[in-house]
Amino acid sequence: MAERTSFGSDNHAGAHEAVLRAVVEANSGDAVAYGDDEWTSRATAELRRAFGADGVFLVFNGSAANILGLSLLLRRHEAVICAESAHINTDECGAAERILGTKLLTVPAPDGKLTPEKIAEQLSARGDDHRAQPGAVAITQATELGTCYTLEELRKLGDFCRASDLGLYIDGARLANAAAFLDCSLADLAECADVLSFGGTKNGAIGAEAVVVMREDLAPDVPYLRKQQLQLASKMRFLAAQFLALTSDDLWRRNALHANEMAQRLAAGVRDVPGISVRYPVQSDAVFAQMDPRYLKELQREWFFYVWDERASIVRWMTAFDTAEADVDRFVTSVRNAAGRHHAG
Amino acid sequence: MAERTSFGSDNHAGAHEAVLRAVVEANSGDAVAYGDDEWTSRATAELRRAFGADGVFLVFNGSAANILGLSLLLRRHEAVICAESAHINTDECGAAERILGTKLLTVPAPDGKLTPEKIAEQLSARGDDHRAQPGAVAITQATELGTCYTLEELRKLGDFCRASDLGLYIDGARLANAAAFLDCSLADLAECADVLSFGGTKNGAIGAEAVVVMREDLAPDVPYLRKQQLQLASKMRFLAAQFLALTSDDLWRRNALHANEMAQRLAAGVRDVPGISVRYPVQSDAVFAQMDPRYLKELQREWFFYVWDERASIVRWMTAFDTAEADVDRFVTSVRNAAGRHHAG
Amino acid sequence: MAERTSFGSDNHAGAHEAVLRAVVEANSGDAVAYGDDEWTSRATAELRRAFGADGVFLVFNGSAANILGLSLLLRRHEAVICAESAHINTDECGAAERILGTKLLTVPAPDGKLTPEKIAEQLSARGDDHRAQPGAVAITQATELGTCYTLEELRKLGDFCRASDLGLYIDGARLANAAAFLDCSLADLAECADVLSFGGTKNGAIGAEAVVVMREDLAPDVPYLRKQQLQLASKMRFLAAQFLALTSDDLWRRNALHANEMAQRLAAGVRDVPGISVRYPVQSDAVFAQMDPRYLKELQREWFFYVWDERASIVRWMTAFDTAEADVDRFVTSVRNAAGRHHAG
Amino acid sequence: MAERTSFGSDNHAGAHEAVLRAVVEANSGDAVAYGDDEWTSRATAELRRAFGADGVFLVFNGSAANILGLSLLLRRHEAVICAESAHINTDECGAAERILGTKLLTVPAPDGKLTPEKIAEQLSARGDDHRAQPGAVAITQATELGTCYTLEELRKLGDFCRASDLGLYIDGARLANAAAFLDCSLADLAECADVLSFGGTKNGAIGAEAVVVMREDLAPDVPYLRKQQLQLASKMRFLAAQFLALTSDDLWRRNALHANEMAQRLAAGVRDVPGISVRYPVQSDAVFAQMDPRYLKELQREWFFYVWDERASIVRWMTAFDTAEADVDRFVTSVRNAAGRHHAG
């Protein structure tokens, strides 16, 4: 593998070799299409077990998992409460509004995390037919800012939602990273939720996500909604095989743990550099840092990463399952060199 | 590879080994996500060239390609004219209505093919604001009934649509089979259309389809519509690699030609069997046959295939890129044996 | 009032003077907007009583009532079974598909009426995630062809739908005409249904329709759906006043009965005219007639009416609450004269 | 007319007697339905002239006008930039998201008014297919906070939108009040816009709004979109008659001017009361006031009005075309009395 020069995103990484191997092995003769095959049976059974779920359904990508998951929790007219920084609000090109026709009731959440109190504020207009009526809450775990809800926070959110007649959806594009950080099971994370997604893509898959349905009454509609939402894979065994690889010996956890450790290493490496300040607790595979704009310009000549907030000069660095310690160390050296040149002057 | 026991569908086949090899080879280090990678550049350039297209965009499956393609051709209020047997009408769970909000104005088409005359009948309500207004025509090539439009028929449809201010979309889930049958280029097939799809999945891909945009003015909206319609692959190189394999030395054509030949062999093998009558010209990889219901029951014990029309006792047998002559011959023997037992009696 | 020269539609008529009077009388000082006023309270209570309904909600027009009513009966992914000739299919510009995102599974119904048998045929694809899944049945009473379902037919449809887990919606744009024809109560007509509409507009209102909800569990969502579907009137008292007039001393029934009688008179007057044949039983305020195209041309010089089927030379003549016997008689004379001239020659 | 006891909303008022008279007069014999009548011809011609518009289309209410208007300006995937306080964002129960499928990109606007600078901030994500792409800007005139854009501000917004390839829509539910306040013509207000609404309901109509289309290329789609959006009135003459009354001798302006004057009188009457502070410039028919919560409670025993912001103790008082000076004076006395009792203590 080439030396890494990107901390752009965990989906800039390729696929884990075990995933590719599983895909190649699944190519053995005919199999009934659309999920009625043994790979899909095994993979979804494995995931149902891991989550304590009622039903598991494979889809192509994370936005699709979010839309499918939310569509199970909303009455026809209902809206979704989410953080302003939620991926469904900022990075899905308005898919929630377009495909579900739902309004997002967004809440400022400086660390990317919702709380019962913030959700409660959105409930004051209940019963007023001029106002969009919240039907579900969507949170992200790990969040878009790299933070994780604790199990206690999740429990409180779950209790609040149930008591408030709100469905609870978890965007789990990086659920693996949260489970690794919190050192808990997937079932521990899922317990509070009605529906959640479990992301394979950012964890080493070619491209595969699972919609995990925790409530028995919700599962029957999924096949039709998945088909309408353009997510029914014909040769589904090739999605399933990816999850078989990731669930084998908890490869997903090892991949996530490694990415998290690389993020910690990166953060540790830059934390004392003058002109740089790490933002948000580093609890998954992302490091956000506010940095002197001059370093930024210089670093971008050699390295690929995204500027998260142009005005505040905040960047996002992401690690992945295949980030090497040496990659991190070379990057930290680059940062230190840039800082050295500019800070001296 | 195991002996084939299914003539259920061309997507019961696995992936061509060259496709898998290309996917594995694409797993080399980091690549920018969402299509800004060299594999996607090369694959879409290759397809643009092959089709004489303005833009090519990769998506996950055939229904998605249809919805994305049609969304480019419809004003917000417009409807689609299609055959009753069109996949978008019968087999996409109402996705066109749900995702596009469009009405399908369906036309009976006994051989699966629309004609200018049939389309013209749907235009009488133009200008009446109570009636759904047609904005595009959708045809399938090869059709759902295994037939192909000739180049002359396509030309006439294209001329009629242009003259009638109707967009023309081709569902090309099996476009390769049509090109192989008609012994023409992809550009020949595409010339009449505004937008079309080019199916990789049924041709030997793991799962990949291309939306091919022939008109320059239509391409700019595609990226946003693709994202909203949940079809933006993050590790797009793995979709692109599949098309790189299929376009290399026109593997797509060889795959399609072989599948077509196997369908011809199958049809030829059963054509003179008493109690069986082959329906529709066999012009791609499908054979439809009306058969004595007693044979049907017996055959289904050993072989997997779909009953197309329960009442009329019509079945559909599909071949694929990897169907072996021996598979076909064993199947034909089974048919003949079944017929022999029952016809004798 | 000027002499009538139109048999174009029952909505070419103006408003009944009692309706106008009620509207003027409702203009007395302030009233809370959006339905929280005494006129709306009284009108909806009156209608709830007449229908034995759980909830009644006023909207602006018939298409809106249909969409709102159906939206209560469909799960997010479900389709509607209706007659090909249903207003929602032919005359609402694709609103069901656009606003509800639902597919209409249409059934040929030569007399405009569905039967359990016809509905049953649409249920064979249940459970197949490629096929649109029916969730509700929509019928029209009186139908678009001027016919009425008998109470027995309604009962059977209701039983079948309930047993088949299908909601039953009645488009009652001309429900008054059906109640008058069948000499039954509105509650008799409503009993089989989950939701229905009750049309004021064609019965003498300025413009007002009621959505009548028979099932307790369906009513809570209506206010939000009505608002989203753009049907919440701010000065709702002026819609309510119209229904107060129409329900006062059953004015709606007298209006409908009169219109029906005028249709009978018209049909009786032309039935024996050579070159004319009345189609469908005349059971409401519409007369369909196949006629010599030469009469048609001549009649249209003096009279306004619609050609229903150009090719078959079938016209539709509609009466209204304010059609005078003399109007009908003059029209019949015109028809007879036209026939006389052409038939003689 | 009873003494007014409500300053709740301008739509708590009834209809102007000239409007009712016009409706009654329009009830003269038959008229072709769906707008092909002389009243509609005359009313829309009159409005086209007053606005210098290309097309005018009548609908039932203000939310519907907004949705129809915006639907003309958005490509299928596009979003709308609007103020957080915009009616389409806060008071239409998510209709924009549900019916148009569009995302609202909201901008904080303390006085209810957008500026080119605020709009510009929403354009930074243009070209990024993960982000919703703005296609139109929606402003309200007069705003939801009772303020008015000056003609100069409108001109700048229009120039900015045109230069930025953004459509400009004006929600003109209270456009009459703005024209009265600014002492300008409707055409002056409309000049900057691509589409706008002109509200009749809050100006003395029973219920009627006009969608005013300024650009020739936009009008052809309106009839179909209006029908799909459930806004095609069958007896349209009764909507048209209301606008004929309002445009006759500029009744709309007199009604608006009077309402504005009553708001000024009210504001003047309470401005020096201790414990009360008038918020926002009073530029239409609304007065917002922050007041001691104790007065508020006491006032609400006798008078009806809405608390705009519970926490900040801000109320909204609205006048109407039929608010009498004596109504205002009695109300001001009540306010002063309440203040007197509590402030003395």
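First chain written, first letter: the chains are A, B, C and D, and each begins at residue 1.
We adopt the following convention: a residue touches a chain if its C-beta (ideal position, glycine included) is under 8 Å from a C-beta of that chain, and two chains touch if they have at least 3 such contacts.
Predicted model, so just to flag it, every value in this text is computed and none were measured.
Participant: Name the chain whose C-alpha centroid is most distant from the C-alpha centroid of subunit A.
Facilitator: The chain farthest from subunit A, judged by C-alpha centres, is C.
Participant: Counting C-beta pairs in contact, which chain pair has more, C-D or B-C?
Facilitator: Higher C-beta contact count between the two pairs: C-D.
Participant: Just how far, in Å, is the C-alpha centre of subunit C from the one of subunit A?
Facilitator: 51
Participant: Compute the distance, rounded to whole Å, between the mean C-alpha positions of subunit C and subunit D.
Facilitator: Subunit C and subunit D have C-alpha centres separated by 34 Å.
Participant: Distance-wise, how many Å sit between the C-alpha centres of subunit B and subunit C, to the nearest whole number?
Facilitator: 42
Participant: Send over the residues of subunit B in touch with two or more other chains.
Facilitator: Touching at least two other chains: 77, 92-94, 98-99, 101, 129-130, 133, 224, 227-228, 232.
Participant: Using the touch definition from the top, list the residues of subunit D that touch subunit A in their complex.
Facilitator: Interface residues on the subunit D side: 77, 79, 90-94, 97-99, 101-104, 124, 129-133, 310.
Participant: Using the touch definition up top, name the residues of subunit B that touch subunit D in the complex.
Facilitator: 34, 71, 74-78, 101, 129-130, 133, 221, 223-228, 232
Participant: Subunit B touches which residues of subunit A in the complex?
Facilitator: Going by the criterion above, the answer is residues 1-2, 4-6, 8-9, 11-15, 17, 20, 23-24, 26-33, 60-64, 67, 92-95, 98-99, 201-202, 206-207, 224, 227-235, 238-239, 304.
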